[in-house]
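Take a look at the structures below.
Across the two complexes that follow, chain A remains constant while its partner is chain B and subsequently chain C.
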Partner chain A sequence: MHQSFLRFADALYMKVAILLALASIVAYWAYDPLEPHNGGTWLGYTLGTVGAALIVWLTLYGLRKRSYRSRLGTVQGWLSAHVYLGVSLLIIATLHTGFQFGFNIHTLAYALMIAVIASGVWGVVMYVKYPKMVTNNRDNLTRKSIFREISELDRKASLLVEALGSPVDRMMITSIQLFRVGGGVWAQLSGRDSSQMMVPVMSGKKQVWKKVSNTGQRRMLNILAGQVARSRDPRITAVLQELSDVVSTKASLMQKLLKDVRMQGLMEFWLYIHIPLTFALLATLMAHIVSVFYYW
Partner chain B sequence: MAGAVVDIAVLGSGPAGLSAAARAAELGVSHVLLEASDHLALTIQRYQKGKHVMAEPGFLPLRSGIDFDAGTRENILENWYEGAKKHKVNVAFRAEVSTITGQSGAFTIRTQSGDSYQAKTIVLAIGVQGNPRLLGVPGQEAAFVQYQLDDPDEYSDETIVVVGAGDAAIENAVALARDNRVYIVNRRDEFARAKEGNLTRITDAIERGKIQGLFNTTVKEVINQPEEGRPGVIVLNGADGEVRIPVNRIIGRLGAIPPRAFVESCGVKFPSDVPAAVPELTRQYESNVPGLYIIGALGGYPLIKQAMNQGYEVVEYIRGNPIKPVDHDLLAKKFSALPYKYDVDEMLDFLRNEILLFGPVNPLRFRELMLESRFSTPKAGAVIFARNDYTDSFYFVLDGWVEVVIDEEKDTRIRVTAGQFFGEMSLISGRRRNATVYAGEFCVLIETPRRSMMRLISSIDEVKRRIDEIFILRAIHSQFAPNSDPSELAELISSAELRTYNRGDVLFAEGEQGDELHLVRRGSLTVSRFINGKDMVLSYVPAGKYVGEMGLLGNTKRTASVRAAVPTETVVMKSGPFNALLDHQPELKAQVEEQIRERLNLNSQIEAGGEGGKILSFLMAQGLGEATDVLLIDESLCIRCDNCETACADTHEGTSRLDREAGPTYAQIHVPTSCRHCEHPHCMKDCPPDAISRNASGEVTIADNCIGCGNCESNCPYGVIQMAYPGSEQPSVWSRILFGATGSKAKAPDAQKQAVKCDMCSTLKGGPACVRACPTGAAIRTSPENFVNLVKRSG
Partner chain C sequence: MTFLIRKIVSVEGAPNRHQDFEVASSRLTVGRGTDQDLLLPGDRVSLRHAEISLLGQLVEITATTSLGIVVNGRTCKSAMLSVGDQVLIGDYHLVIIERPDNEVDCAISVQQLQVQEYEGLNPDSYVTSLKNIFWLRKRAYAWILFVLLSLVCLILPVWLAQNPDIKEHSPVALPDDSLWLSGPLHRQHGFIGDNCAACHVKPFEPVQNNVCTECHEDTTHHVAADHPANILFQKETCASCHREHNEQERMVMDDQRFCVSCHGVLATALGSKAKVSNVSDFTSKHPDFRLNMLNPVLNDGDWHWQNSGRQKRTPELKEHNNLRFDHQQHLDTEGLKNETGAYEVLQCSSCHTRAADGFGMVPLTMETSCSRCHSLAFDVDNPAREVPHGPPVEVLNSLREYFSAQFIAEKMAKNESRRRPGQAEVSRLQQEGLEWVEQHTQEVAEDMFERRACITCHEVEHSPTAQTDAQRWKIRPNRLNDRWMLSSRFPHYKHRSESCGSCHAAQESTQTEDILMPRIEHCQDCHGGKDTEDKVLSMCITCHEYHQPDMSVMASDPQ
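On to the complex of A and B.
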C-alpha cells in the first residue's frame, strides 16, 4: 500500500528519464555537425534549452512542496520526477557541452550542476537509508520522552548522591550539569558525545577542580567503580552500585539520543548544500546564457 | 418553613427553571424557585471563565421574560441575576430537593436540609448534570473539601489530595501539580477509566514524582481540625495500612450522581433503561405524574434557548393558556411546501397516522422530530442517495414510493411504499449506503438526521423493535437472495436473531462445535487462529459481511476464533433453514463456497507471512476496527520532515489536526494521532447543537455552530479533537520560502475556542493535504478493508 517515491506510479519518471537520456544520446550520435560537437550547434541549442528548462523546473520543486493547496500532482509525484529527471540532466547537459571544457563561466555552470546533482543523489541515499534506522533506534520512544527519562535519571542520581560525601557528590553533580547533546552542526552530525565533568586534581599542595571529558559517562562510571572497590561500608556500596546503574542507563539513553540526532541531522544536512548550490547554479546559468548570446 | 401553598414550585434555577419562575412572577402567579446550590444556574456557573456562550439554534426565536443572547458567561449570568431581581422571582437557595410526595393540587416538596414546601404544580428543571458524588465519609462537607475545581491556577504551595480516578480527577491533579504538592487517591491499582492521553499524563507525572499516586487506597475520614498549619487532615486506608496527610484542600472527583433515580422516585417513568432515555411527556411538557411538568435538559432539550422557551411555555400551559409553541411558525413553513392543505396540528396528526413507526412516539418528541427533519418532494427518477455514499440519515415515505436498487447488474429493485421507511442499514452499520434509491411517482419524503433517529431508537423500545425486524428481513434478503422472492426466506428470517457483543467478546472459538452464521450489522470482528502457542489475527470482518459459513457446509468444528474488535451486533442465522435455502439457490451456494475459498486462501497467506498477523493485531489493538479512514505512516519511508503537519496547519488556519510523532509504531507502521472517522463517531454522542456530522464522502466534520462545550474532545477515545481559537490567514508560499515564515495561531482577544479536528480536507479538491504533501509516500490514508493488503506486503 505504501509506495516509495522511487517507485511512484511504477517508476514512470524513471522510464521517462531513461527515454529522454537515450533520445539525447541517439541524437548526439546521429547528428554530425560541421564543427566539433558543442553548445552552439543546432543540437547543442536544443539540448541546452531542454537542460536549462529542466533546471528551472527542478528548482520549482521547492515551490510546489510548499503550495499546500496545489492540486498539481502530489509532492511525492513531483519528487519522483525531480529525482529521475534531475539525474537525466547529467547526460543531457554533458552532451550539450560537447565535452568542451575550460576555465570559464560555462564550465563553472556545468560543475555547479554536477555538484547539485551529486548532492541530490546523496540526499536520496540518506532518505532511503535512515528512516528505518531512526525507528529502530527510537524503540517507540519520542525524543521528548527520552529527554524526560534522562532528566528523571538525573533527579534520581542527585538524590542518591546525597548519601555520599565529597568529592563524589560534586563530581556527580558536575557530570549532570556538563552533559551535552547536539550543539553545532558538526556535533550533531558526528554523533560525538562531548559531555564533560569536573574532577579534583592536586596542583602543588592545593586541590583544584578541572574539567575533563566524560564521553559516554565513562569517566563517571570509572570513578564510581573505583569507589565501590574501596568502599568498606555495605550501605555506601549499595548506593554506589545503584548510582552506577542509573548512570549507565543514562549513558545508553544518551547513546540513543545522539544516534537519533545524528541520523535526523544526516537526513536534513545535505539539503543545506543542495539548496545554496542550486541558487549558485541558477546565477551562473544565467551568466552563461547571457554571455553566450552577448558574444554570439 | 412550610409556608402557604404556591401555585407553581420550580425545581432548579438553570435557564429552564429561571425562565419558568420569571414568567410566573411576571404574571403574578404565586411560585417558588428552589435551587440546590447557592447560585442561579449552576451549570452555567460551572462553564470555564470567560466562556463564550452560544445562542443555538439560530433559527429559533427566544420567548422568555429573561434576556438571553450569545455572549460571555459573565454577561449572561449578570443579565439573569438582574432579570430575576426585576421580576421579583422568589428564589430559595441551598434548597436541594430530595423527595416529592402528594399529587396534583397538593404536592409536598422536601429538601435535603429538612425544609418543606407545598405546591399545586411542580416544574422539574434540574438538568442532567446531576450532583457530585461526595466522599461518603465523616467530614465530607468540611470547608476545605470541594467537589469542583474552576481554576487550578488559583492555588499555589498547597498540599492537595485529589480523590478519584477518572478524567476529571486526573486533569485536576495534573493542572494543580504545577504549583502544589499533589496526591491522587485511587481505589484501584490503575487508571482504567481514563482516556489514553490522560493515562499517559498521569503515569508520567507519578513516575517523575510530580504527583504522589496512592493506589488501592480509600478515604477513611476527613478530620476538620488544623494540623501542621493546614486546616485539616485526610485519613486514608492504604495498601500498607493507615496514612494521615495534613492538607490544605481535598478535591473529590468521583463523578456525578445522575438525576434519574431521583426523578424516578417522584413517580416519573422512563421508556427504557438506556442511560440516554428521556421521560415521556405530553405536548404540554406534563409527565405521567399529573401536575408534574418536566422541561429543559432533563426533558431531552440540550440547549439554553430551548430550555428558556419551555420555561415560558410551561407556565402558560399550567395556567390553561394554550399558546402555540414558539416553533409553530417554523413547522408551518416546513409544511407549506407540501401538497397538503392541513394546518400544523392537522398535519402532525396526519403524519402520525400515515407512518407506522411514529405510532409509539409521544406528541412532544414527535414535534421535535418533525422540526429536525427535512421534507422533500423529489421528481420521479431523482436519486435520493447512491450506493457508497456515506450519508447516514433515515427516510420515511409519506406518499408515493421509492425504488431501492440492491443489484445493479440484474436490476433487482425493491419498492418501498407510503408509510414505510428506508436508510436503516447505514444508520445501524455506520457504513456506506449499500444500495441506490430512486424516487418514484408523487413521492413525498421525510429525511430525519442520524442523531434524532438514534435518540428515538434509544428511548423507545417499540421503535427499535420495529426497525430491527425490518432490518433483519432486508439484510438477509439483499445479502443472500436478492433475486428470489422474500417469501422463500420466511423460515430463515423467523429463525434469525440479533446478538450484541462488547469489545473483545468471543462469538465462537476455534475447535468449538457450531453451526451458526453471523452477519455483522454493526461494528467489526477479527478472525484468529492459535498458531505456535499464540493467537494470530488472520482477518478483519467489517459490517455487511458474514462469518461462520464453514460451519454451515458440513464442517461443524470451528477452524478459527472470532472476536468483536469493537462493540458489535450481528444477525445470527441457524444452519438448518440456511442450508434449505442453499439447496434451491445454486448461485448462492457457489457464492458462499467462493467466499470460503477466498478466506482460506488469505488466511494461509497471512499465516505464511509471519509478521502480517501481528501487524493486523497491532492495528486492531489501536481501535482501528471501528475506523473508516485512517492515517498510517510507513516509518521506513518517513524522513521526519513534518511537511504533513505543516500542510495540515497551513490549510486549517494554523492548527495542525494531526500529531505525527505521537502514537505507537509496530513493524515500521505508525499510527499517528489523527481522526479515524469512526463508523459510529464517539464525538457525535453528546454535541448539544448537533454540530458534528458525516459528509456524503465519509468525513466526520465539525460545523461553525459548535458552542465550544468540549464534550466531543472528551468523548473521542483517540484524543484527536482539540479546542482551538479560530486562526488567521497563513503565510504565502513566497514568504515561507524567502523569509522562512511559519504559520501562526492567531488569538483574537474575544475569540471563542471551538472544537477542531481532521476534516480530510473535504473543502479542498484533491484529497487530504497531509498525504499530498508527503514527499516520500510515507503517509497514506486508507480504510480497514485494505489492512489485509498492507499486511500481505509486509509479510
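On to the complex of A and C.
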C-alpha cells in the first residue's frame, strides 16, 4: 500500500520537528538574557548552531536522493524528515534572530531561508495534490497515447474534409497544423491553449487568409456549425457533423494534454526556485557565520 | 450470460482465419488492462475502455473512458447495437454478428486493423516539459548564485577589510564589511561610522578593553585591585556588559539580575570581612541607608575633618559641625524679622539652592544664606558698617581701624590739633588714642563674639588672659556635610515635584546635630524593585553606579 511521505513511520519526523520547535519556543520564553534577545546570547548561539546544522543536513537530502546505493535510511524517510525539520527551521531560525532585522547579509540569509522553505512547502503541496489530479486527468492514458489519439483524429478529419472541398478543407488543415501545446515556461505553466487556424477574409475585393486564435478548437467548431446550418445536402451535413464530432473530441483531448503539461510543470517548477535559492542560502549562511566571528 | 468472442486473424495472402472463445459474465469488460474480459492490447485502448451488456435482444455498449467509442463511424459515449453494427475501439474493429446457437447470448467479432502510418503529431516536436527548456537550469543557477553571493557577502568584504586602500581609491562602491553590520551602533558611538576596524582591531578576536579606554580614559573599576572579589572581574571585558549592535539601543545594562548575581550573596560569601550587606531588590531586600559623617578631629592643636565612612543609623548618631542652628525656629510660620524689620516667613529655598548639575545643593555660606538677616554691624550710629565675616584677628583689626579713625575725627572736632604740638603733646595724644581705641575695640569685640553676633551661630572659645589677638577668641572650625551617601548621588532635580519637607524633617528639628536624611522606608513609599506594579521601577543602577569613583582607572590596567 502506498503511504505518503508525510505519514512516514507514523509521522515520526513531524513529532520530532514539533518537539524541536516547542523546545526552542519554551527556551526562548524562559530565557531572559541581560541584553535584548539576539543571536549572540548563549541561547542565540545554540539556536544558531542547531539551525545551521539543520540547513546543511537538509541540503544533503539532494545528495542522498541521488545515491541509489546508499542504505542510510530510505529516501522516503529522508524526504519526510527533510520536509518536517525544514519547516521547524522556520521557528528555530526566527528565534535565533531575536527578531532583529536589518539591511545586512544576516537578514539576507534569513530571507533566503524563508524563501527556500516557502518554495519547499509549495513543492509539498504540489506533491500531495497533483499526482492524483494528474492520474484522474489522464484517464488511463499516457501522454504519448493522447498525442497518438489526437493524431488519429487529425487523420480522420483530414480524410473527411477531402470530401467537402475548400474552404473548410483549408481551414481544417491549418487548424491541424497550427495546433499548439507547451512551449516556454509560461505557456507550460499557464496551460493556455494558443492554437491557431487560418480563415479567409475579404480585404477589399480580394480574399486573403488570416491567422486567428483557435483556442479550444472553438473557432473551428463554430465554422463547422455554420456550415451545417447552411448545408442543403444531407450527405454533406452528415460529413460535417462527423467532422464536428472529431474536432470536439480533439478539443477535449487537447484540454487534457494542456492540463497534463501544466500540472507536470507545476510539480517541477518549484524545484527551479528551491534548489538555486538553497545554494544562495548556503553561500550567505557561510558569510553570516564567518563575518560574525571575523568581527567578534 | 455467455458472450462469444470471435477473433479474426488476417494473414497476408491467405484467407482470414478466426478463433472463438466464450466468456461467461453479466457484462463484458473491454480494455487493455489484464483484468478485462476482452483484452485489447495497444496504447490507444484505455485500461478499462468499455462495457458490453445485454438488454433483452439488444446489446448495449457503454464507454468507460472519456475517449469514448466510435459506433458506425460516430463517436459516442454509449449505443444500442444490433447485428451488423460496427464499433471502433482504438485500432480494433468490433462487429456484432449472428449468434451461432442459442447457448450464446451475444457474438462479437474482433479484428485488429492494419495500423496506417499517418504523419501526424510528433510528441517530441513539442516542448512539454520544463526539463527541455534550454535556459532553465537548476544546477547552473544554483552554482551561479552560490559563487555570486560568496563573492559579494564574504570574499570581497574580507579582501577590502584587509586592503582598505583599495576601497578608498575605488571609483565605485564595492561590497564591503558594512554589509555585515548586524545592528546600529549606539547614538553616542555614531561618529565611528562604518569603520569596523576602529574597535574590531584583529580578525576573529573579541573586542579588547584598550580600544574602549582609548576614549573612556577616566572609567574606573568596580572593585579595588586588592579586593578578594576582584578575581570575578578579571575575565570580563567592557564588551561583556556593554553590548553594541543591538536593535534596542542600550549600552548600559540596567537589569538588576546582573548586580544581584554577586550582591545578592556578597555578604555571605565574604563572611566576617564583609562591609556590605546582601541586596537583591529595592522593595524589601535592601538594607537601610548608612550615612557618611563628617567629624571634626583635633590633631596637634589643629582641627581636621574626617569622613567616617558608611555608618549605621542609630539614635546616637549625631552630626558634629560646630554650628548652632534651629531649623524649627527659622521655619516659624509666623515669620522672622528680616533686614527691613518686617516679619518674613522663611522657606527652605530662602537659604538653600539646588546646585547647577541638579544633583546636590550649593554649599551654604554666611554671605549667600545668612547675612541678609544676620547683620555684623556694631555701631548703632553707623549701621552700614559691619565687621568682616572672617577670623577673629580680622574682626579685631577692622574694629581698631574704625575706632582709630573715630578718635582722630573727635580730636579734630575739638580743635585740639590746631596749634603745633610739642613732642610731649604728641606722645600724650598717641598714648590716649591707643588706649581709647583698644578699650572700644575690646568692648565691642566681647559683645559681638560672646553675646550678640558670632555666638549666635558659632562655638566661641574665649581666653581672657591670652596675650595675642589670635589666641583671645577662637571660633571652632565648622563644615557642613555634603556627602551623606557614599554609594549614590541623589538627583534632587528629579524630585522637584516633592517638597523639601516630604523627605527632610526640618520642621521638627531644633538641634544642629539632628540628622535630616530620610530613611529607606521613606524612599520605598514611591520606589519599588523589579516586580513592582504601582511604584516607580527602581533597579540597582537607578541610584548606584557600576564604575566606582574612588577605584583605579581601567586605562591604567596592564594589557
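Note that in this section the second predicted complex is superposed on the first by the 295 of 296 C-alpha atoms of A that agree within 3 Å, B and C clash if a C-alpha of one lies under 4 Å from a C-alpha of the other, contacts with A are read in each partner's own complex, and residues count from 1 in each chain.
Simple rule for what comes next: a residue touches a chain if its C-beta (ideal position, glycine included) is under 8 Å from a C-beta of that chain, and two chains touch if they have at least 3 such contacts.
Since the model is a prediction, treat every value here as computed from it, not as a measurement.
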item	value
Fit-or-clash call for chain B and chain C when the two complexes are aligned on chain A	clash
Partner chain(s) touched by A:182 [first = chain B, second = chain C, both, neither]	second
Which of chain B and chain C A:234 touches, first, second, both or neither	neither
Chain B versus chain C as contact partner of A:152, first or second or both or neither	both
Touching partner for A:141 - first (chain B), second (chain C), both, neither	second
First, second, both or neither for A:127, with chain B first and chain C second	first
Partner with the higher number of touched chain A residues, chain C or chain B	C
Chain B versus chain C as contact partner of A:277, first or second or both or neither	second
Which superposed partner A:65 touches (first chain B, second chain C, both, neither)	first
Chain B versus chain C as contact partner of A:4, first or second or both or neither	first
First, second, both or neither for A:264, with chain B first and chain C second	both
Overlapping contact positions on chain A, where the chain C interface meets the chain B interface	140, 142-143, 148, 152, 155, 264, 268
In the complex with chain A, residue positions of chain C that touch it	31, 43-44, 46-48, 65-68, 73-75, 116, 118, 120-123, 126-131, 133, 136, 138-139, 141-150, 153-154, 157-158, 161, 177, 179-184, 196, 200, 203-207, 241, 243, 246-248, 250, 253, 255, 257-258
Residue ranges of chain A touching chain C (in the complex, touch as defined)	34-36, 38-40, 98-100, 102, 104-106, 108, 139-145, 147-152, 154-155, 179, 181-185, 188, 242, 245-246, 249, 252-253, 256-257, 261, 264-265, 268-269, 271-272, 275-280, 282-284, 286-288, 290-296
Sites on chain A touched by chain B in the complex	1-5, 8, 62-63, 65-69, 71, 74-76, 78-79, 127, 130-132, 134-135, 140, 142-143, 148, 152, 155, 264, 267-268
Interfacial residue positions of chain B with respect to chain A in the complex	204, 207-209, 632, 634-641, 643, 646-647, 650-651, 661-662, 664-665, 668, 670, 733, 736-737, 764-766, 769, 771-778, 780, 782, 786, 789-790, 793
